[in-house]
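Encoded as C-alpha cells, the structure appears first; notes follow it.
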Amino acid sequence: MKCFGRGLIVGAALITGASAFAQTPSWTPPAESARCPSKWGAGDERGAANLMIPESIVNAAKLIRTGELIELGRVLSASMPTFPGRSYKVTTKRTAVSGTNRLAANEEVVEAEMGQVGTQFDGFAHIGHENSFYNCFKLEAIATRTGFSKLGIHNVGTLFARGVLIDVAAYKGVDILGDTYEITAADLEGAVRRQNVVLQRGDAILVHTGWGRLWGIDNVRYGKSSPGIGVEAAQWLVAREPMLLGGDNFAVEVFPNPDPRVYVPVHQLAITTNGIHLLENMKLDELAAKRVYEFAFIVQPLKLEGATGSTVAPVALR
Amino acid sequence: MKCFGRGLIVGAALITGASAFAQTPSWTPPAESARCPSKWGAGDERGAANLMIPESIVNAAKLIRTGELIELGRVLSASMPTFPGRSYKVTTKRTAVSGTNRLAANEEVVEAEMGQVGTQFDGFAHIGHENSFYNCFKLEAIATRTGFSKLGIHNVGTLFARGVLIDVAAYKGVDILGDTYEITAADLEGAVRRQNVVLQRGDAILVHTGWGRLWGIDNVRYGKSSPGIGVEAAQWLVAREPMLLGGDNFAVEVFPNPDPRVYVPVHQLAITTNGIHLLENMKLDELAAKRVYEFAFIVQPLKLEGATGSTVAPVALR
Amino acid sequence: MKCFGRGLIVGAALITGASAFAQTPSWTPPAESARCPSKWGAGDERGAANLMIPESIVNAAKLIRTGELIELGRVLSASMPTFPGRSYKVTTKRTAVSGTNRLAANEEVVEAEMGQVGTQFDGFAHIGHENSFYNCFKLEAIATRTGFSKLGIHNVGTLFARGVLIDVAAYKGVDILGDTYEITAADLEGAVRRQNVVLQRGDAILVHTGWGRLWGIDNVRYGKSSPGIGVEAAQWLVAREPMLLGGDNFAVEVFPNPDPRVYVPVHQLAITTNGIHLLENMKLDELAAKRVYEFAFIVQPLKLEGATGSTVAPVALR
Amino acid sequence: MKCFGRGLIVGAALITGASAFAQTPSWTPPAESARCPSKWGAGDERGAANLMIPESIVNAAKLIRTGELIELGRVLSASMPTFPGRSYKVTTKRTAVSGTNRLAANEEVVEAEMGQVGTQFDGFAHIGHENSFYNCFKLEAIATRTGFSKLGIHNVGTLFARGVLIDVAAYKGVDILGDTYEITAADLEGAVRRQNVVLQRGDAILVHTGWGRLWGIDNVRYGKSSPGIGVEAAQWLVAREPMLLGGDNFAVEVFPNPDPRVYVPVHQLAITTNGIHLLENMKLDELAAKRVYEFAFIVQPLKLEGATGSTVAPVALR
C-alpha cells in the first residue's frame, strides 16, 4: 500500500518490469479499510465526476475558441471489433405507412451489450474486487437481474471538462505502439513535457497509442492484445486526479498485463479503488494528427438505469 | 403550397381550426419537385444540422457563464412509457471473477428500439412520405435489414448550439396543457414575447407543455394523447430555421392530430420536408422551473450505423 | 424426512392444512446427503427421463389407435401472459428479394426467455436449493454467462411416453378450480378412481385445473395466483414415479403456496430433489372435453445448449 | 411449365447440366394462375401437411417396433454455423433465491432468428415469389412488424409421419458429396432402389449428403457451399407428394445453384409453389450409419405466432 499526492490509494504495485515477476502478483487491490469510504464520502456514487463543478465547466467552455468540433466516437456496426461474449445487432423493422399524408415510419431493434460496445464509458458497477465495488458497495446488495440499484451509469450524466491528449505514440516516434507495449510513467511524463501541456485536477486525460488505426482494418489484431498504460503509469495518472482516463484501445490499459496472473488491474485501480471512469475504443487519430492537446471535452453516457456502462459518442471542442 | 421566410417549404396546410376540416386533409406533404433537392443541396444528409458552424459553436459556448448544468434526458428503464410496439429490456449478466486480483466484471445485454425509446432523437431515415425521405432519398435504395445506407443517425454527431426554451404552459398559466391541446403560432409568439427572448437561426428550440409531469406518474395518460405543436405552429417554427425542435412529450407535436385523417404530420413537415430533427420525451421541468430560456444545448446521438434515431441524454449549460 | 413407495425422497413436509402452520416451514428440501447421488446414479443428468426405455416407447406407441392428434401447446405471442421479468418479442425483418426467380425471403428475430415462456418445459438447471441442483451439481461449477455446463436442456431430447390426464376440475365438478385451491392427494386419488385409469411408472402426468380457460382471456387473473398441486399431492405423484408432471397453469403447483414462507416448493421437490421435469401453461381443454385420459404423449424440448428450459409444443396422440 | 404425376406444378425447369445454361434462367416460378388456388383449396395454409390424416398417423405409429429413438436435431449454440445475418445469443440471468426453502431459480434470455437457426423448419411465410406466397397470399396483406397474419408457423403443429432416409452419399460411395454437387433425380432413384424402399405419399423424405459431418468441425466450409438436390431432383421428389423434405445441409438444395442467376430455387419450388416444408441442418449421421431408412418421424415446430419458421428438435422412432 502506497499513497500518492493528495492521499490517493493506488494499491500494492510491485511490478518493476515486464519480464520478471516477484513471487507476489504485481497488483493487489487495497483492502476495503484502505479505500472506503472513498475520498468523496461514504455512500458517494460519483467518484471523480465530483471534480466537475461550475468553475471547471466555465473554464472548459473557455477552451472553445475557434468552434472546431472533433468527433471522438466510433461508428457502431456489426462489423466492429467486440470483446469476446459481446455483440451488436440491429434489425430494421418493416416500414409502416399511415394517414392521408402517407407517413412512412421506420425504426429498428438493437440488441447489444450497450454499455460495453463501441466507444464505451465504464461505470462503477462494471468492475469490482471480489464482491466489493467502488466505495465498498457490495455485489449482493446492489445487483439485480435488470441492473444495479447503486452505481448505475444513469447517475453520471454529461461530463463537460478540460480534455488533454497525451500522445505517447508521437512521443515514441511511432505510428502505433507495440502490440503489448506497457506505457510507463516516464513515457507519460516525457509526452506531456514534449507537448508542453500541464495536467490539471479534473481533466479528461486521453492517451493516444495509435492502436486505433487497426479498428475496422484488422479487428483480430485489435482485440488480441493492446498497448496501453500499466499499473505504474495508471498510478502516475491517478495521482493527477483526473475525472476520467480514455484511450484509443479496448482497455485503456495494456492487455494482457505483463504479469499474467493479474487481469486488467488498471480497471480495478481506476474504477474500484479510485472512482475514475475509463473510456475505451476512442477515435483519437484526428486529435493526434492536428496536435490538439487541450480542448473542451464532452461525453453524455446514456441514462441506462442501473447499467454498468454506456456506449458513447464523445467530442472535443476548441 | 406556401413559402415562408427564407424560402422554406412547409407544405399545404389548410387547417384553420381544430374543430372544422376542409374536404382535403389538413396536411399534405409537398411534392418531391417542391422539396428536392433540399436547400442544403442534392445528396445532403445533414439538413438543419448544417446550421452548426464554428461561429455558432463559439457563440453557444459564450452562453456558459455560471457553469450550471441541467440534465434534459430521461432515465431509461423497463417501467418508462414506450410507444406501442417498442420496449426496453436489460439483462444483467452473471458476475465473472478473474485473476489473482480477483477482478469482478459485470455487464448487461440491452434489447430495445434504441433509437426510439426514452429521450429520443429522430434521424432522417425515421420518417418519410411514401417511399421518399429527406432530400428524396428513396426507401428501396437505402433500406437494408440492418439499417439505412443513407441518412443514418451515425452521420449526425454532437450538436452544440444555442438552446431556447419556449414555455407555452407558463404562457398559458397552467402546469400542464390540455390532453389534446394544439399549440398555435400565436401561442409561440406570445410565449416568446413574454420571455423576452429572440429566436435565432440554428437554435435548438424546446417547447415546454408540462406533459412531462406525467412521465413515470401516469404512463397511460402520457401515451394516450399529448398536447403539442400543430402544423401551423410547426410552420411558424420552421420559418425561424431551427437546428432542431424538442419537447417534453412523446411526439413534440399534438397527438392525435386534430384532423384524424393525418398521422403525426409535423414529423413529415420537420424531418422529411425540412431536414429538421425532433427530440422527444425531454425532461424540461428544471429549465422551466428556473426560467432558463437561453443556454448552451448539447446532444450526442449515438453512432448507430444506419439507424433511424438515437436515445440520448442531452444537457443545458449556462 | 420421510420415504415413500420405492424409496423416493420427498423432503420434510409438515403441512397438514392450508390454514394452520407449524412453527417450521411446511417444506424444507432434504439435505444433500439424503438426495445425492440421485437414484439414477452420481453424475446422472436425465433424472426421470431415464424411465423412457425401448419398452416404454413401444407401449406408448400402441396407444395410437385412431390417429387422433391433440395439440397441447399454447401459441406464443407478445400478448400471452408471462411471468414477471419475462417477455416475448418478435421483429419481422424486411423482405429480401434475390435472383432472376425473384425469390422473396422473410425471417424474424425473436427475443425472449425461450425456456420460460408459453408452454414451457423446465430443465434441471432451472431450480435448485441454494447453490445445489439436481444430483448435487453445484451452481458455481456449472453456471456460465451463456448457459450451464451440466443439466442443460439440450440433454433431454424427445420424450415419448404414455400420457395420463388427471382431471381434478371435473372430479370437483367445476370448470375452474378456485384461485388458490391446493389440490390434495385425496383429490388426485379421487380423480384417478373416477376416470378408472391406473398410473404407471414413467407416465407423463398432466393435471387439469381449468385454469387454462383464463389464458388470453384474463391474463392478469391467470398470473396473479393459481390452483394447483401442493407439496402433499406432489409427494403422492412423485411416489408414482412419473417421467414428468404437467399442468394447465403457470407453475403446475398451487401459487402462492398456502404457506407464505416457502416459494414454489413443488418445483424443488420435483426438479431438484427427484429429477422430474415440470411442464407448464399447457392447453388441456381439448383433452378434458373429450375425456381423453390415456394417450401417447410427445414433447420435443429445443436443444438450447446449457439452457434451463424450453418453450415447447407437445401433443397427445391416440 | 410442366406437370408431373398427380398434377403437381413444378415450374419451368430448363436446366440440363451444371455447366451450360440456356439463355433463359433454369428456373422460373409458375404464374399465379398456374399454382393458385393450391391443390388444397383457396385459403389453405397447411399445404402438404394436409397429408397427415388419422390413417397416416396410425400407419406411422406401427413403424415403432423396437422402441429405438434417434435424435435428428442439432444442439443450438453460439458456435454453430449460421447463415449470414443470423445469430444465436444466450444470456444467463443472475440466480434468484427465494423463500425459507431457499429456492434458487435460473433462466436465460435468448436472442436469435428462432425460425432460422440450428435444425430449422421452414414455414410458408419464409419464401415467396415477388410479393406472392403459398396459395397466393400477398405480402402486403399478411406482413406486419411482428409476424404474418397468414401462413404463420404456429399453424403447423406436430407432424407425425412415415419418415424415409435417402442416403445419396452411400449410393455414391462417399462419406460426403462434393462441395457443390447437384443431386439428380437419377441419384435419388438409384439410392431408393439400392435401399429397397418405396416412397409413399405423405412421407417425410430426408436426404443424406454427408455434409453434416462438417457441422461444428468446419463451419466455414459448411456454410460456403453445399451439395444438395437441384431443381430436377426436387421436381422428382415433389411428384412423390411428400409431406416435407429434409437434409443434413443448410438449404436441403444445392448451394449455390449451378445456374448463378437463380437463388435457392428449390425453396420456391417446394414452399411457394407446392406448399411443402423444408427441414434444414438435420443430424442424419446416426440414421445413415445404422441404415435406418424407414421410421416414424416426429417434429414439433414451435407455435411462434406468425413466424416464418421454427428451430426444431425432430426425432426418428422405430
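Going in written order, the chains are labelled A, B, C and D, and every chain counts its residues from 1.
The rule we apply is simple: a contact is a pair of C-beta atoms (placed from the backbone, for glycine too) under 8 Å apart; a residue touches a chain by one contact, two chains touch by 3 or more.
Bear in mind the structure is a predicted one, so any value in this text is a computation, not a measurement.
Removing chain C from consideration leaves the other chains joined as one piece by touching. Judged by contacting C-beta pairs, the busier of the interfaces A-B and B-D is A-B. Per the C-alpha superposition, chain B sits rotated 180 degrees relative to chain C, a value rounded to a multiple of 5. For the touching copies chain A and chain D, the fraction of interface residue numbers used by both exceeds half; the interface is of the same-residue type. The geometric centre of chain B is 47 Å away from that of chain D, both derived from CA atoms. We define each chain's centre as the mean of its Cα atoms; on that basis chain A and chain B are separated by 30 Å. Taken residue by residue, chain D touches two or more other chains at 89, 91-95, 109, 111, 143-146, whereas all remaining positions touch fewer.
Interface of chain D with chain A (complex): residues 87, 89, 93-94, 96, 111, 143-145. By the touch criterion given at the top, residues 85, 89, 91-95, 109, 111, 145-146 of chain B touch chain D in their complex. Interface of chain A with chain B (complex): residues 25, 27-29, 52-58, 61, 64-69, 71, 73-78, 86, 89-92, 95, 97-116, 118-119, 125-131, 133, 139, 143-148, 154, 157-158, 160, 261-265, 267-268, 296, 298-309, 311-315, 317.
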